[in-house]
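First comes the structure, then the notes that go with it.
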Amino acid sequence: MSAPIVTRATRASRNAMVIGAVALIILAAAPWWAGRADMRLMSEIFLYLSLACLWNLMAGYAGLVSVGQQAFVGFGGYMLFALTIWGGLHPLVAIPLGGVLAAILSIPIATLIFRLKGAYFAIGTWVVAEVFRLSFAQVGALGGGSGSSLPVGIVKSLAASRSGREALSYWLALGSAVVIIGAVYLFLRSRRGLALTAIRDSEVAASGLGIDIWRTKLEVYVVTSAFTAVIGGLIFLQKLRISPDAAFSVNDWTAFVIFIVVIGGIGTLEGPIIGTLLFFLLRETLADFGTIYLLVLGAVAIIVMLKAPKGVWGLVRDRFDLELFPLSYRVRQQPNQKGP
Amino acid sequence: MIEWVNAVVQGILLGGLYALFAAGLSLIFGVMRLVNIAHGDLIILAAYLGLTTTTMLGVHPFVALLIVVPAMAGIGYVIQRGLLNQTLGPDILPPLLVTFGLSVILQNALLEGYTADPQKLSGGVIETASVNVGGMALGVLPLLTFGIAVAVIAGLQWMFYSTALGRGFRAVSDNQDIAQLMGLNKAHVFGLAMALALAVTAIAGILLGIRTSFDPSIGGGRLIFGFEAVIIGGLGNLWGTLAGGVILGVAQTIGAKIDPGWQVLAGHIAFLVVLAVRPNGLFPRVSH
Amino acid sequence: MSTLLSVQGLAKSFGAVTVADQTSFDVEAGAAIGILGPNGAGKTSLFNLITGALSPDAGKISFAGADITSASAAQRCKMGISRSFQVPQPFGGMTVFENALVGATQGAGLRGHEAEAHVLDVLDSTGLLPKANARAGTLTLLERKRLEMARALSAKPKLLLLDEIAGGLTDAECVALIDTIKRVHSEGTTIIWIEHVVHALLAVVEHLIVIDFGKKIAEGEPKAIMESPEVKEIYLGVEPDA
Amino acid sequence: MPEPLLSLTALDAHYGDFQALFGVDMAIEEGEVIAIIGANGAGKTTLMRSISGLLTNAPEQIKYRGQAIGALRADQVAHLGLALVPEGRQLFPSLSVEENLLLGGKTGRTGPWSLQTVCDLFPILQERRAQASTSLSGGQQQMVAIGRALMSNPDLILFDEISLGLAPVIIKSIYEALPGIIGQGTTAVIVEQDISKALSVSSRVYCLQEGRVSLTGRVEDITRDQITAAYFGVAA
């Protein structure tokens, strides 16, 4: 009898790939067709999308539910300022270097807070973020508690014209979202990704099959911290101004990100994308209502968590058996062959 | 020298307030393994309820306790049965994210209702009164706060280990199914535990409001202080929680003595040091 | 033959409950050993100790000549010990194929098509191939038990620990299971099997160990052990005169 | 014919996607002692969980004194006079022996059983009442578990695997105590793997196999071969 075939791509995933590629080309051309305000909004969307994908990898796959990722957003932002102002580095060098530094810093942090389990881990990450905030507020050279602005010379080093700078920072945001989604996708497709998914489903069985759980989680924590810091650098490259309260805001960099992932569908690759779109749709619609918008957002997140814990994408997937990112394996038997 | 001793003593007294922040967290974690991210915002809610009560009725904040404590207990019972009970289970995400959402809702509802302006409860003469002990002027309010904290923890300890209600709490905590078989309705028991926790939170909120000014955004910080006290003291040990609060308070006042900007930072660092050296806290409950 | 697994003076208790009491035994490479004992006798705990899911209070475990007493469960799997769980622990969100692929890529360290081919082989031999695309969470108890064995085999173990996999099978299924285990054994895998379905166990193993209250109370050739009145009473609960 | 004390009609039970019981029918008369036997995984414990309310079923699938209780919570069922001695004893480790027993009396039902009469039945518990329940031996823990169930003065008591993990001599003494318990007019269901022990105290037997009733009858009417066949699903 002929052997069954193992495949991964599905028709939906191939279609999604084509649509995604076309969308990417259109988006990349935005500087030629979009207005200044639209480009700013889209940049923000891409940066939030990146943060959401990273948080989802950590919480939805590795079970590391952090409410302290603002630590690395702010750290990346501050590294951009510190390395360009003090180190004289070009911003495009300073931002990835900030990511490397964040990775190094995240290792001792992980060894400490991995001792806390579940929700206590979550609050532990928050404490770490507070330590970051209070520490940076002590650094007088970076403006202390009131913060500082990126010097004009450094801003100009990016591109001579304003429109050139705006296009560059838009492409950086778009590029980082593409890179992060791609990296998370490739990681989850790899054998390490398979191991991570196994840990999520049963830690005891995973360790019995040769998976080092602590190490796998550490790797995820370090990598997401580094990428989060890079995104932080890009965020504050757009804002051009940083202060401890803005850089380490739990609402801006964690609460919103969590809502995005929960509403879209935690533990799926598609979830953060859908969640980001819904989040911005909600935000742009309710923007005039001030705090009401946050009340609604909190309520929506609670309702989704209680009534549809797998989020919008979970509902879609259960209903239509769709998978846009082909992670699962399908075994196809030859048609005219009897099963064993 | 006396200044440093003074800082330590002030820190110990401050620790009483932190122990009150922590006691409610510790209680609900003990009974239903729930960590309530909205705990800090509920403390602030209690302070605002105290504010409304004192301004509307023109009473002293301590008298307002007569209204705020039952009100918070009622709120606790309702949110536990109406919302939080549905999140309990083997998966840690639902309770975490639902209480996180609750925290955002509370914060913004308070912002909507009371604006972002800092508020304070007026405690009258008690705020400034002090007694002289060995050359140190100790504020009556901090002393009273510490005394209340000790009394509350002693009361919780007694309730937990010497009453039928406490027996029910421990039984449900040990094994929900079997407790249910004994005729305990766990949904109700959990509701009572949250009611009790928020009654304690009400006391904490009023004392906080008399001590310092507050605004809707500071709940997160209070949650962290309470959490640090719980972990430093060791999970599941109420007296340990008091000790944890004291250690945190002392670390903060000593930090503030060195540099005013270091007060909170010093507390966090003390917490991280304890986590590094004694991951189970200083006084972990002896496991059976 | 050389000793593959050696357990020396293993002890473990939870409060007043002793699950391993000075247990010692050796397993030769290529052997097939059965473990009998009443419910709660400490059989599964013994597996937990051998695989590293539990750490002992005292005693020593060595595998292929190396002391593994303090090795992690993951390290032990990579050295060649894998097990099925009595209470199935499937990766519920993953398909049957993916469950086994975890064992092949992590435990056995295989990659790419080599790993996939090995998994297909294992699924075929355990009768799970028709279910390859089913999510493990949707399987019936019997299928879950089969998946336990498939996943353990996919890690290419030198020592395979099977924990009650025959319970509830029909006659025909039981015969098929015995065939599978015999084949795995004949290919050189050492087997330790905990089983209540005695006739299935006796069809495979060459050596029996009986434990009760964490203590080894008998060990030897299966027939002789099953005949001993002590074992009959303790294990089967049958009064000698019944 | 009078209404049975407890009746199960086409009872199904599920854990998620997994079905553990398939259309189980059963009727238990007041004052009877019933044995339920079956291999590991046959569905015995699931049956106990369904009856006691730990698993939710359709209301009409379980009737107690004519009342449909299938959908009630366990604490509501307990108040009606049904008690379960759970598999593996499952005492509350944070509670002392006495507190475990007191919690058993939580329903407030009155009857012959009190702290005093339970301690008369198992005198060792009187001595150990202030101790942590985890410090007792397995047999003593089983006595507490039985005493705890009796404290609710049940009309129907379910024993799930009372001999599990106990030394033969302890099992013997516990079975010797059973008539003293059941003799008080209580109806009892005994779930066992140890067939001969279960049959020695009961009048009727149900055998479960893969979630279905494979045999039922009066103990004196059925043969060992029938049991073996029903138990393992094969002719011996």
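To keep things simple, chains are lettered A, B, C and D as they appear, and every chain counts its residues starting from 1.
What we mean here is this: a residue touches a chain if its C-beta (ideal position, glycine included) is under 8 Å from a C-beta of that chain, and two chains touch if they have at least 3 such contacts.
Computed from a prediction, not measured in an experiment: that's the story for all the values here.
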Labels of chains that are neighbours to chain C and to chain D: none
Given chain A and chain B, the chains that contact each of them: none
Comparison of B-D and A-C (more C-beta pairs in contact): A-C
Label of the chain whose CA centroid is most distant from the centroid of chain A: D
Distance between the centres, which are taken as Cα means, of chain C and chain B, whole angstrom: 49
Whole-Å gap between the CA centroids of chain A and chain D: 53
Centroid spacing, where centroids are CA-atom means, of chain A and chain C in whole angstrom: 42
Whole-Å separation of chain centres (CA-atom averages), chain B against chain D: 43
For chain D, residues that touch 2 or more chains besides their own: 93, 134
Overlap residues in chain B, where contacts from two or more other chains coincide: 288
Overlap residues in chain A, where contacts from two or more other chains coincide: none
Contact graph of the chains (line, ring, star, complete, other): ring
All touching chain pairs, where touch follows the definition stated at the start: A-B, A-C, B-D, C-D
In the complex with chain D, residue positions of chain B that touch it: 164, 167-168, 170-171, 173-175, 177-186, 288
Of chain A, residues touching chain C in the complex: 3-4, 6, 191, 194-195, 197-198, 200-202, 204-213, 328-331, 333, 339-340
Footprint of chain C on chain D - complex, ascending: 16-20, 39-42, 88, 93, 134-138, 161, 163-165, 167-168, 193-197, 210, 232-234
For the chain C and chain D complex, residues of the former touching the latter: 15-17, 38-41, 137-141, 144, 164, 167-168, 170-171, 196-197, 213, 233-234, 237-239, 242
Chain D to chain B touching residues, read off their complex: 52-54, 73-76, 78-79, 83-84, 86, 90, 92-95, 99, 102-104, 106-107, 132, 134, 148, 152
